[in-house]
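Got some structures for you, see below.
Look for chain A in each of the two complexes below; its partner is chain B in the first and chain C in the second.
Right, the complex of A and B next:
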């Protein structure tokens, strides 16, 4: 397989790929509003891009994800756009009423957003209105910015959703960010950006929802930085259900100070090709990190999750589960890296990746990657790739349940285990109904 | 309870079946009438469990000859789930664990599949909850079992009680209990046996497959059959089980070989 992947990539030479990347960078830069010049952030990212190449299958991190189809399109940086209420209505959740940010083509739509249910002192809004905060200390400063697509976003984002929770603020209403792309005739590059700073002792439930308005090709290159200061608690759901023509590359960079707790659930149902780089960096002891992933893909969809949990302090707890249902010719890639440094003694980590194949042509590549230097730690990991178990189906049949219904029940159960980690009920039940239709 | 005028529920004639191309059942005959309790005993490998799987329609077992009639229908024509809704119930020797499916949902979906097959409306969650709470008493199960995944993390005895709970809910015409007693402690055995006795009526029938006579102290069979090499080689009353327990199987097998009636 490796040789055929290399062949596909070889349609473009390394020089051509570099030229392609330069073109994206120039276009993205040109579309940046003057008020958001952010010289320090932009120039550092651009310098990084000058030193890095557009990824190919020769890069270990991109071995199983072929970007040739993306390279076949000339994406143009999106401009300001609007959406009608009808495009948003289905995505709004009753639980988040009054705390909904709608982002269209990478810019906040004031018209569609609602902020009235947020407590005093909490900042939720556009970066342009909040440049006075200590933004530069946080924006594009998270570890993991050394990566081509993250840097491309840093060079070209046209707005950012800024969420800032002051010390000890507990936000009861979950905050929902809805990202939409309004298609044009030329395929667009859309680069949403989000920065969340949860100061010491604060708590928030955050939903990021990438919706799809059309099946036309476009390229979403999203970056979200989440800062959890000491003892902060953040529950995060990242839902990716973009249209069938979308290339979606996303970065979630989480920085956790001591005693903080991050619970994240990432759901990938949409897009033609989706890559999620999910990186968690520990900067103090006794952090808790729980990350859950659910993918359900069919036809020729390709999803790729590369996660990294980097621990450098003692008493960290990490629980990771990643489950994917793969049908037809779809292809799922999972690379779960855990880096446990010498100082991260008494870390208790577990990782489990389970894949359910519903077709002979479906493909899964999975790789746990444990890098453990500390000598007094617990790190369990496992990966399974299986089909529906004939004995389980027979057991259900023997109770009067038909074979197709038994299969649906088992697929649903497989997925629900991950969806149950989502605390916002309407979101959970909507995603569950997608699964039951899907299965 | 033997009543020679009652309905024939199950009739098996010269049944032969293969697993992976090896013949396991070699001409089995059995007739079961409503109200009867039959015990099938025999050594390991005699074909007892294969017979139970063939009745339930497990796809790994291929019937090569013979016939099975169940309440007048040709059972071999029916898919496994149709056999279940027609009234066949197999209590598994090793009930499966199904992570992620709550016992309550599983039982409700199964119960509604039966209702649908009878042309009745499905019952809703609330009515079902009332019904299942009542059935829990049959096997003295705690309601907390309903909210756990099917059999996941259940002890051996809890799994077997969960099988009898399903039987209580689905009210089959023919229940086949495949080594339901194996591995049970005496209290669990009494509970399971008590459940089965409570569910036995003059309209249904039970086939107990077992190695051990012990369960037959609690569920008294009308007939005891001995299976060997894929056939029923002798049939007696409940005393036959006691005799097998004290004398072993060799005398029956020998009698079968020499053609002398035991």
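Right, the complex of A and C next:
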């Protein structure tokens, strides 16, 4: 889209933005299937949308991410669509065979999904077929729903992937959820939704894979809620590699009970504008939270990660690392917030944000933010922005490696540190090959 | 340990006395007439009145910032006295002998002897009492080397061209809400001009004292260092204890030309309110230095211990190639104090360098935030920044926050930021106890060690004073 259009829209008044939001909400509401009316969830979200304005650069949370380009499109809520096996085949991982959910335009494709490798008692499927009270009770209840885009999803999601692990169930096969959007003439609003509840003592490896089928503009507004009950363990990889025309706004809300362990890796390679709100809320003592992020962007891409780790109980352990490679005219935004409440004594938290700037036109805005009330805690954070170190390249050159090759090697190493946190071999190597191509 | 840590109470504020003198004040409230009246009272040149009126009109269109991490009841700007001056001070005095002895006594009591014979240290002082400058010492001696050091009102009479040239160039009138307010109503402040290739023969210093319970204090400091010159400047502040809150909105502007260097140190000890958070100064200050020339250097050092609310971000705009900006800060909050302070380093020129060392200590129910910005512009090739902000929490009801903004638009720039939070460990206190050192002494030693990086940057007498000040402020918070 011409940048002149963007400028026109960045001057949109607050009223115009609100009218735009209303339009999205009405469209999304109209597309909701009757079976998923979910009165309480929807009406609460709608009430919230009436209170909140569409974000602008004046909001601290959106200061560096301009939504003018998004506002220039009139997105229409997606309808049902199908995809051929050829479209999915490349994304399927051998490790997850028999445990793959394929979501097209926000609805589960029964035809393309596979469930045979899941243990008995584990529920994986569409919300439509699991509308029991227990599940609905957790839906849209996670902290962090007080936000415009999350509420927009809650008002209009057309289906949800439901994963329920009963007590002490350990799922050996990693579960892969593939989200696809089937483009149409008009730009689509696609709102995937996922709810994972890991009951006491259960364990799962979850891969969420947002793949794009085309570069045509569409708007993915995804929400994933992860509930970890006491002692549960969840290893989560969130891969965003949507098409170059996509606007991607995603929310991952994690609620961790006592002694639970969450290890998450978020990879952002795709989309023209991607925003990930990654929020972890602690509801019990002694939780372990490890979150890793990797972004690699070029051209005019813009990625924005806003993470929040809210600690409200003692003995929490948090480790966060976020790395971004920024090339060409790309722009990376990181806001890492850690809030340690008075009760969260003996918290041990660390956060590191590293940015590699490869071009003079690239831009990085980062804000590692600590808010601490408890006194008996160890909290450290760090942030760096730089290009590749000249002496490191020189060192490699002195060993007979050419400068471009040395540069590739260093970029690869920079990225691999994050990718190594992904336990599924094939996924890791596929992402690594993207990086080495990229470098 | 932590229960006993807080059980002990702080030492009372030593500078909380009031001086009873006759004052010349104007009615409360702010309007265009008040702005004109202030300007007329000071017999200012025409450009100054226009400057003030432009600022006032701009201020009317602005809103008070809501983003700082501090809470206070709304300020009634019409309930403030914008000008207050000791009556005997109708005209600028020829010599110190004419200064009202009560006022000299006040400054003696504060440990600022104004009579030059008594002065031991080689420091020139400009003493500011409420809205006006009382006396400036060592003026003649400074004039010998061409240095101009006087109150800003005096500078407006004697060097209007210099003031007009630089005033408002670093902090424009509409920079922020409080800067606009200050530009409209500022009453006095210090003016320093260091001519070319001159090393200022002694340290300069301003001492601010708020005395009137109803007046706000709006002072303005302007320091210009011509190419090749250097100066060290110190600033101190105290105020009496009142139940009400007083507003202090100051502006400091520094300009450094080629190869010039300015060292600006502050020990801020305004009245902080009592242990229940009643009273105290609202300190909303805009301080900014412009490294206009090549190889210029501006260094801010601050020890912030007072004020009910501190809102202050001494900044450096590094325009000249190879220019250097530094910020060393210790911010201590106790009881109900709230501090949102930090710095901005805006790198514009090539190979510019900046260092930020910030130490925050929060005790009791106080709130201490570091808010900083490091911005590397597209042309800031080879620019570097190193930031370190450490927080220390004493007691579990205080809070420490860090909001570092890092914005980089140049790939050859390097930015590093580190932060940590810690507390005084029981094991550390035990170790001291083993060696026969009481908990109070141990704490003051640990704190002085924690702040050493910053204190090392202060001029000698100030460093000693700051060390003592922190020990006093925290006395009995730990045990």
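Brief remarks follow.
Definition applied: the second predicted complex is superposed on the first by the 428 of 439 C-alpha atoms of A that agree within 3 Å, B and C clash if a C-alpha of one lies under 4 Å from a C-alpha of the other, contacts with A are read in each partner's own complex, and residues count from 1 in each chain.
The rule we apply is simple: contacts are C-beta pairs under 8 Å (C-beta built on N, C-alpha and C of every residue); 3 or more make two chains touch, one makes a residue touch a chain.
Keep in mind that this is a model prediction, so the values were computed, not measured.
After superposition on chain A, the partners chain B and chain C are seen to fit next to each other with no clash. By the document's definition of touching, neither partner reaches A:50: not chain B, not chain C.
Our angle of interest has its tip at the CA centre of chain A and reaches the CA centres of chain B and chain C; in the overlay it is 70°, to the nearest 10. Look at A:74: by the touch rule set out above, it reaches neither chain B nor chain C. By the document's definition of touching, of the two partners only chain C reaches A:371; chain B does not.
If you count the residues of chain A touched by chain B and by chain C, you find the higher number for C. Following the chain A superposition, chain B and chain C show a smallest Cα-Cα distance of 14 angstrom.
Comparing which residues of chain A touch chain B with which touch chain C, the overlap is empty.
Per the touch definition, chain C reaches chain A in the complex via residues 2, 67, 376, 378, 391, 393-423.
Against chain C, in their complex, chain A makes its touches with residues 60, 342, 345, 355, 357-387.
By the touch rule above, chain A contacts chain B in their complex via residues 390-392, 394-403, 405, 409-410, 412-414, 416-417.
On the side of chain B, the complex with chain A involves touching residues 56-59, 79-81, 83-85, 89-90, 92, 95-96, 98-101, 106, 109-110, 113-114, 117, 149, 166, 170.
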